[in-house]
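Shared chain: chain A. Partners: chain B in the first complex, chain C in the second.
Up next, the complex of A and B:
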């Protein structure tokens, strides 16, 4: 039995047993007019026990002679579940049908949330306190312990005050992420808000056309966007450097030279920001257009009758009414720019420079977890990112607690 | 008509003309700004498309760069489509397989659970729904590492199935469809119950047909997310032949770093399908993304 990972099989059995038991049993219970929730619980328990016991027996007894035993063992849960379904006695009371439907459809959802949402989340938090690598042999529970020792708060301490290369890379990536988000947000709003107002003011027939064009980059794959802009910013053959040369300026190695700065930010960062902004602005744009359409026309008319110019109407009527929408989109834009990865990974891969000028947190997480297999360290960084996102979301909640009405 | 009246009407006419001129002026500035915006949006696409038809010599020529190709050639496409190390059909299949499987799975589960949360009462409903909404706030990068380890445990990495089996839950989809199903009147369900329909029958025959346009929009969005997804497929699919299109694009470009024409042709081939889908179903897509503005 050494060729088969017994632990994995035990997990398979348990999950299949739980799923089948908890989703089919309520239906049977319901048919017999009994409480389906009891059915779900009993089914879950019987399914898991039966799956583990009979799966193990099948594997143990048959595997040496017949390789199909591995597949057969997955059906172990049925050995006890079918008799259970058969033996549920009928009860005359009626009216459980709805509850049967609810519990048999919600059980898989709960199963998913437990196994694929709550469990990984807790695991991610636990990992942050261990020096974990999947290559090393660890203890019996999740491979933690032994060669993957518990390190307590050491990761966080290193992030905060450390001077090792890892710590410096993290601190640099955090700075870059914050810089990136802080530049993206105001630029994005400065482009999308006026543009949305302009599109809103043009002829009804032309609106969808403009909207469709501006939305093109949003649906383009971000890797495609990165490749296109990588060519435009290309040091020798790029469109931008050709233009610079045509105007008699010196071309710049946008994505390679760590020393060049544009308006105080590194040239590579500038290039990445342009590409990201170009891809992302259409999304906020259509949200603002939708919000503008919801503003009652009577309010704008009233202002216009009172002699306000279009600019004044926009500044003093439209903009205040858009405030909640602006708030929500700002937070969403900020959160998604904290999580930027695709464009930077393809265009610069965190470079240029040894401590990369465009290295961001998610890129660091990716490299540490899946290149260098330092998953504990990566999980700790992910946790910091999570706290950052949580802070922004809470701030938004706090700012939005008043309800606007118009 | 007295002289003062004539003067007044002339003044009015002048004012009207002035207003008209100003209006035309402001209209034309609006359209100019919008057109410049369109140009900025479209030029990278056009530049990429045109570059893919240029010869290698033309692209690397330092002195004579033109916007339009001087020697129009389809050689780049020919090279890519006949490259034996790049079975492009296979990668299209991979991307389509993952995207379509996820669309089918998520359309089913999101509408079912949206229906349950909209129309039924059960214990812990509010708690469960609150948790589902809260999961939208957890960045994917946090659960990414354990999710990968789970896939590893089940030997599902490097398999297309690995990108399908774990994705039958989408908090946003449940939320979106719950909102929509709440507006379907309860009387409709009761009528179906009186006619002897089971609850699954109601879901299948009453709710699903009503969901048409919303479900189409949602399905389209799921398709696009999956088609364009990069980070998660990059982690899970490490073998070359199971990869999806975006990963193949970077892989191919890293092997042909010096040949930009080839890179651009590859990006055109990979970006084009989704743009065509978008252009043909533009209204649904934009509406879907407008709805998703309330995500989070």
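Up next, the complex of A and C:
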């Protein structure tokens, strides 16, 4: 048992047990005319217990004698599940038929969602109220307490009214995040909406070509995009500075010099915005093209019959009918802008400057959590970002709400 | 249905009980199985495996399995596994991190401590493993970032300068550096003396404070003293070199044209960096040329009588508090690090600076070491002048997010020397809270 990673196998056993137990048992219960949701719960519990117990037992007894024991241990969940399925008594009442498939599909997914998303989310909320670092040995319950003390709202208080370095870095990163998102959203919509309308107006055979070309950056690796734009903005060898020199202008250290500003925006922030927009706008473009294709032509024809010009048709027919799509793209763009990380980390790593000109909240969360191991402070920042995204999204939904369909 | 389930549960309990008792027995009595974690780095892993093989050959009842992790993953694994108690028995650890994990590490067993001579190791590297007066691990290597510089032979010869240089003072170094600076279209393309990588700046700052007779700690090491007259003099020295034009702080720093890469791509003539960069350059830039022919590694001039410097405590081994065999694990740690033959094996395989004095000072060992790593000839005489940086509340935060950015801002003209010293002192001391 010492030659394999027991921790990993315990995880595999639990996951397989949960999947098999929660997906097959509801079907069995349904066939026996019993509540499939109860079956899912019982199957989940029995599957996990059986998988862990018999998986461990198989390794303990067989591993040193037979190399296939590790593979066999993955079937440990069946040891109790098969008798369970066999022992479920049949009911005469036919009250729950047809729900078995739904339950067997949803239950495993719910389990994975709970373990992979909900639990970490709740854990992050709890951590936000503790000065927690994994380096310190805390109390007996999940390492909380003692050397990882409960601090209540102290983290949030420090973020808003503190003058410590942590507070300054958070406030700067929040300002940068808001600046980034507030520039990205209108620019993105200003580019994608007219471009989608233009692409819709070209010949049918050319449309797929344009769609493919504009969508290519979206499927490109963010790191690759960041490296490419990093070279374009490179102070000494960058394409942009070569062009500036060709026109007799002074080269700029776009990504390095904290003193340089373009239209009041730090040059480095300008550079990452350009890179981010280049990669991201194809996504919204495709959504807008799809939305434009769904607008009934009869509505536009009716406007044209009434004497509307192409611009008037766009402004008074197309644009209002795109409102739900604009709402969706705005929300998605805003959320992704708040979560920007990879492009900035590769291009500037939050710099230049001591108070990073492109330092954003997610980058601060990453640094604090994984570099400085201040998980409590990082979790508090993550919680603030979550609430901010929630508020902005709610506001956008309210502002762009519609009460009609076409 | 419930009767059946109860029967199955009883059967399960019986089987588990039998299994829990049966296989243990006599066979496990003498055998000790240990796990060792290390970060992935070819020569380091080869050296540790060779030490494991040597130890297990002497102790046939002990088996040690090494598991390696990519560097970033290694740090994250330590962060998550240690609180969960899943860590290996023996852990390769950077000395400077040790005390932040002290609660989770087994101290040296009393019987071993009774015969142990701490002066066998250089102070700079051993002190990182001492937490609350208890030894929590032992070092393999001496981590040195200040004391010597890479010099580019071609650039020196083109500028008509002697090679390798022997600077008696800083003015001579700056004078040489200025002769090798190159600019194009108003931008610096070759730096004369590149000392603006994060580690280079921070360790220069600490070394200059020490060499000027100051200290960056208060007396009982409970607070920093970064705004002393010596600290301000050090910052003024950096500023004077930048103002003279040896390096452009916007185009040459840790994010842009990092020193190691700048040197091996002919963008810097003199670069302040640790001796490990020689192996890095030979490996990553094989066309650059051989050590001793295309480039060399020479000592920096000292400001005072002694070339004092501060150093991190290097890589070594620690033992988990959760290990079921801490005595055996500690025995291996001592075998691998405190035995001169084994320490030499590690240092020659990895090209690292010895932490054990005997390896650096005994003529035979020293000859073998220099045969494997000739660049160490420059640094071996400096080792006794090194001191451990001290147990900071958060070393990376102080180094990379406080000291370095403030100094770079000052060099870029965004704040005065006095302001930089005052802000560094204030923010660094706030890390104690």
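Simple rule for what comes next: the second predicted complex is superposed on the first by the 287 of 406 C-alpha atoms of A that agree within 3 Å, B and C clash if a C-alpha of one lies under 4 Å from a C-alpha of the other, contacts with A are read in each partner's own complex, and residues count from 1 in each chain.
Just so we're on the same page, a residue touches a chain if its C-beta (ideal position, glycine included) is under 8 Å from a C-beta of that chain, and two chains touch if they have at least 3 such contacts.
Remember, predicted model here, so these are calculated numbers, not experimental data.
Colleague: Have a look at where A:182 lands relative to chain B and chain C in the superposition and call it first, second, both or neither.
Modeller: After superposing on A, A:182 lies clear of both chain B and chain C.
Colleague: Touch check for A:370: first (chain B), second (chain C), both, or neither?
Modeller: A:370: touches chain B and chain C.
Colleague: Go through the superposed model and pick first if A:232 touches only chain B, second if only chain C, both, or neither.
Modeller: First partner only, chain B.
Colleague: Kindly classify A:255 by the partners it touches after superposition: chain B alone (first), chain C alone (second), both, or neither?
Modeller: second
Colleague: Identify the partner contact of A:395: answer first if only chain B is touched, second if only chain C is, both if each is, neither if none is.
Modeller: neither
Colleague: Contacts for A:224 in the overlay, against chain B (first) and chain C (second): which applies, first, second, both or neither?
Modeller: first
Colleague: Which partner chains sit in contact with A:315 here, chain B, chain C, both or neither? Use first/second/both/neither.
Modeller: neither
Colleague: Who wins on chain A residues touched, chain B or chain C?
Modeller: B
Colleague: Give one of first, second, both or neither to describe whether A:134 is in contact with chain B, with chain C, with both, or with none.
Modeller: After superposing on A, A:134 lies in contact with both chain B and chain C.
Colleague: Could you tell me if A:379 is touching chain B, chain C, both of them or neither one (first, second, both, neither)?
Modeller: first
Colleague: So which positions on chain A get touched by both chain B and chain C?
Modeller: 7, 134, 236, 370
Colleague: If we count contacts the way the header does, which residues on chain A are in touch with chain C in the complex?
Modeller: The contact residues of chain A facing chain C are 2-3, 7, 53, 57, 60-61, 80, 83-84, 87-89, 134-137, 143, 147, 164-165, 169, 235-236, 245, 250-251, 253, 255-259, 348-349, 351-354, 367, 370-373.
Colleague: Per the contact definition, I'd like the list of chain A residues that touch chain B in the complex.
Modeller: So the residues of chain A in touch with chain B come to 5, 7-8, 11-12, 37, 97-103, 105-106, 109-110, 112-113, 116-117, 119-121, 123-124, 127, 134, 195, 198-199, 201-202, 208, 210-225, 227-229, 231-232, 234, 236-237, 239, 242, 278, 282-283, 286-287, 290, 310, 328-329, 331-332, 335, 338-339, 341-342, 345-346, 362, 365-366, 369-370, 375, 378-379, 382-383, 385-386, 389-390, 393.
Colleague: Which chain B residues qualify as touching chain A in the complex?
Modeller: Per the stated touch rule, the residues are 26, 30-31, 33-34, 37-38, 40-42, 44-45, 47-48, 51, 59-60, 62, 65, 109, 112-113, 116, 120, 122-123, 128, 131-132, 135, 137-150, 152-155, 166, 168-169, 198-200, 224, 227-228, 230-231, 235, 245-247, 249-250, 253, 260, 263-264, 267, 270-271, 274-275, 278-279, 282-283, 285-286, 289-290, 293-296.
Colleague: Touching chain A in the complex: which residues of chain C?
Modeller: 1, 4-5, 8, 12, 15-16, 19, 23, 33, 35, 65, 75-76, 79-80, 82-83, 86, 100-101, 103-104, 185-187, 189, 250-251, 253, 255-256, 394, 396-397, 401-402, 405-406, 408-409, 412, 414, 427, 430, 433
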